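Order as written gives the chain letters A, B and C; numbering starts at 1 within each chain.
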Amino acid sequence: MSLSVAEKSYLYDSLASTPSVRTDGRLPHQFRPIEIFTDFLPSSNGSSRIIASDGSECIVSIKSKVVDHSVENELLQVDVDIAGQRDDALIVETITSLLNKVLKSGGGIDSSKLQLTRKYSFKIFVDVLVISSYSHPVSLISFAIYSALNSTYLPKLISAFDDLEVEELPTFHDYDMVKLEINPPLVFILAIVGNNILLDPAANESGVANNGLIITWSNGKITSPIRSVALNDSNVKGFKPQLLKQGLAMVEKYASDVVRSLENL
Amino acid sequence: MNVQDRRRLLGPAAAKPMAFSNAIIDEQQKKPVNMPSKDSENGDELSLHTGFIENCNGSALVEARNLRHQTSLITAVYGPRSIRGSFTSQGTISIQLKNGLLEKYNTNELKEVSGFLMGIFNSVVNLSRYPKSGIDIFVYLTYDKNLQSEAPAGESQSKKTFSEISYLIPHCITSITLALADAGIEIVDMAGAGEANGTVVSFIKNGEEIVGVWKDEGNNEDLLESVDDCKEQYRRYRDLMISCLLEQKSLDTSSS
Amino acid sequence: MMSNLQFPKTAYPGKLICPQYSTENKDGEDIIFNYVCGSGTKLLHFEHNGRSIEAITATLVGTVKCEEEKNIDKEEEPEADQSTEEEQSVDASSSDVIKRIVKFIRVSVVPGGDDDCRTNKCANNDFANNLPKEGDIVLTRVTRLSLQRANVEILAVEDKPSPIDSGVGSNGMGIVAAGGGSGAATFSVSQASSDLGETFRGIIRSQDVRSTDRDRVKVIECFKPGDIVRAQVLSLGDGTNYYLTTARNDLGVVFARAANGAGGLMYATDWQMMTSPATGVTEKRKCAKPF
């Protein structure tokens, strides 16, 4: 769906007015309804499927592997596949790189939660498939990753924790699983239109936005990475420094509500 | 020309296949358009050159060195050129970042940065002047070294691998802006950026407007202070860029 | 000086040149200077101390040039139409107060120094801002003919410095810039914005070849491949082609070789005939008036 010049100008003016008027009647901080299903892929440790109200859809699968953590530095690895995009397309590589930074150990992720023994850890592979997307999908993907990681069960260790002296590989219980308790960060995307900030911009809003912000939220506070992102290539402009502050404040105010609703699945 | 190209006449029989000369380094030494400057506070040294690559419309070389980091990168601007396909009422920008001799950054991180830079320059270039055209910008990282990592080697390994690219981004922005100005492509302002505590903020209009924010490391608390530090650096870089361009221009007029 | 403002002599991107309007009272007449953006400038919006200002800003490095728009004489220009209307409306609203004169001044930034910028360096730089636009006269070469249209490639925009790295050099004919010109630029484009870049292309439809008897135009009797044609840009056209016209006396074929390029150069004898002086052979073309 592409808008004509006149439609875009109308949409821009209504979004940039005070208070901003969004086409679907949402408040600036309001999300579109999303549907999430979890734990439906039998062959993976955790999975989720998220559907946004505009038909954007994304599937996340979590798999694990036992690795020697003195060799492997990164215990989470994200791989993104977007339907209709080449693997080396700009959007795919950008999102992959961004999500790997979001989920890197030491930042939002507590890597001790993945440690099995003194020598070995679980390495988590997060495979993302975006089936359809109309606006910038990074926020949707991060919600899907969040709910998938929160529904992930890993095999229970039955061998000893201290294996530095004894040369033994970790052994696992035959059927008992342990819930993975990591608190993955969430990524929020905001559109800047004029002097207004809009959370969760829809496709038409992204099309006229002057700029965008990507803000990461983890454990009750804003963390890096923080980015500005051009949501389109025709309407991009600079923005005032206060808007950055406002955007951070908006995420700070409403992110915990989003976390709560995702936890109550 | 052994390449079969049926789409065009290949020219006279004596035509040689195109090859880029390796003599770029000699070129830049010949051209005395050099603006070394030193900021005694941070030990910042910045050297800017423009217009030293012959076969592109605009080029810039930025060499920067401070206590922590040393970088040198070359930017080349090609275009505006005709693009095929559907009608576009304004120009399209593409930016490619390339690892130089040292394969330091992985490709999707470089792609992410080039996407970020495209976002910045989409708002800086006066695109409406270039309908149906494409502008290609290539940034080549010739040299990039973290000087600090040699001294405290034991510091966290993972921290080093990630944050380094944020030292690089302000210089990428400087060199692309210079190359665009050198190419005579219309830009609304000299875009520049500064880096503080892992935060990179890019400004236009004397710091009144932000065109890009990039933060990979650290927490949010110091972000707003970093913005002010970045603004100060941006102003310094911008003044340098302007004096470099004006100096080059006056050289041009004296030679003509 | 025609304006009451002091312009900066040299400019660089982001340099404020002047506001959109300035006024002056001279001999009981209000003179309003309305500054119009020329090439190398853009009207930008600034906010300063809470006030918003529109100001003309430089977008290139170069010398500031301003010239008055003679809008009264040339009424056919769209900009002139607009300006006279504006003038009338201003007069109508305040006809009985004092006479107002609105002067339009075009502000542009020209790359290069103060002296006439016709140096090579300058020409090279300048093409970036000389893309063909509506109304421009362009020189083109015919690449392909069909019953309905002639396909051409645009070589240069007239009265603008001709590009070194674009146009002629792109397909191996003519003088090629060091390293292959823009053709070379596009070979190295790995996954960049476009496919193999070529020159800008255009179409002259058979209806646009001449202004009389336009239904009976036979394209093959007007152009031959390889002819150099002077044409005017009608519109930016579609993604691939500019739409061009030769429906004017001074537009049409300017250079052509006899016998599909095998013979010598021909000269126009009348508006639809060209003759080769060596052989005396005549061929049909839609010629441009040579003088």
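By definition in this document, a residue touches a chain if its C-beta (ideal position, glycine included) is under 8 Å from a C-beta of that chain, and two chains touch if they have at least 3 such contacts.
For reference, the UniProt names are A = Ribosomal RNA-processing protein 42; B = MTR3-like protein; C = CSL4-like protein.
What you see is a predicted model, and the numbers here were worked out from it, not measured in a lab.
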| item | value |
| --- | --- |
| Neighbouring chains common to chain B (MTR3-like protein) and chain C (CSL4-like protein), by label | none |
| Chain occupying the middle, per Cα centroid | B |
| Contact pairs, highest-scoring chain pair | B-C |
| Between chain C (CSL4-like protein) and chain B (MTR3-like protein), distance of the C-alpha-averaged centres to the nearest whole Å | 31 |
| Inter-chain centre distance, chain A versus chain C (CSL4-like protein) - centres from mean C-alpha coordinates, in Å | 49 |
| Chain A-chain B (MTR3-like protein) separation of Cα centroids, rounded to whole Å | 30 |
| Overlap residues in chain A, where contacts from two or more other chains coincide | 88 |
| Multi-chain contact residues (two or more partners), chain C (CSL4-like protein) | 191 |
| Multi-chain contact sites of chain B (MTR3-like protein), meaning residues that touch two or more partners | 92-93, 204-205, 208 |
| Sites on chain B (MTR3-like protein) touched by chain A in the complex | 90, 92-93, 107-109, 111-112, 114-116, 118-120, 122-123, 127, 156-159, 162, 198-199, 203-205, 207-220, 223-224, 227 |
| Touch list for chain B (MTR3-like protein) against partner chain C (CSL4-like protein), complex | 7-12, 15, 18-21, 54-57, 78-89, 92-94, 96, 126, 129-136, 138, 177, 181, 183-190, 204-205, 208, 238, 242, 245-246, 249-250, 252-253, 256 |
| Footprint of chain B (MTR3-like protein) on chain A - complex, ascending | 73-74, 88, 90-91, 93-94, 96-98, 101, 104-106, 210-211, 213, 221-230, 233-234, 236-241, 243-245, 248 |
| Residues of chain C (CSL4-like protein) touching chain B (MTR3-like protein) in the complex | 10, 12-14, 40, 42, 44, 46-47, 57, 59-62, 111-115, 119, 121-122, 124-126, 128-129, 131, 133, 165-166, 171-173, 176-201, 236-240 |
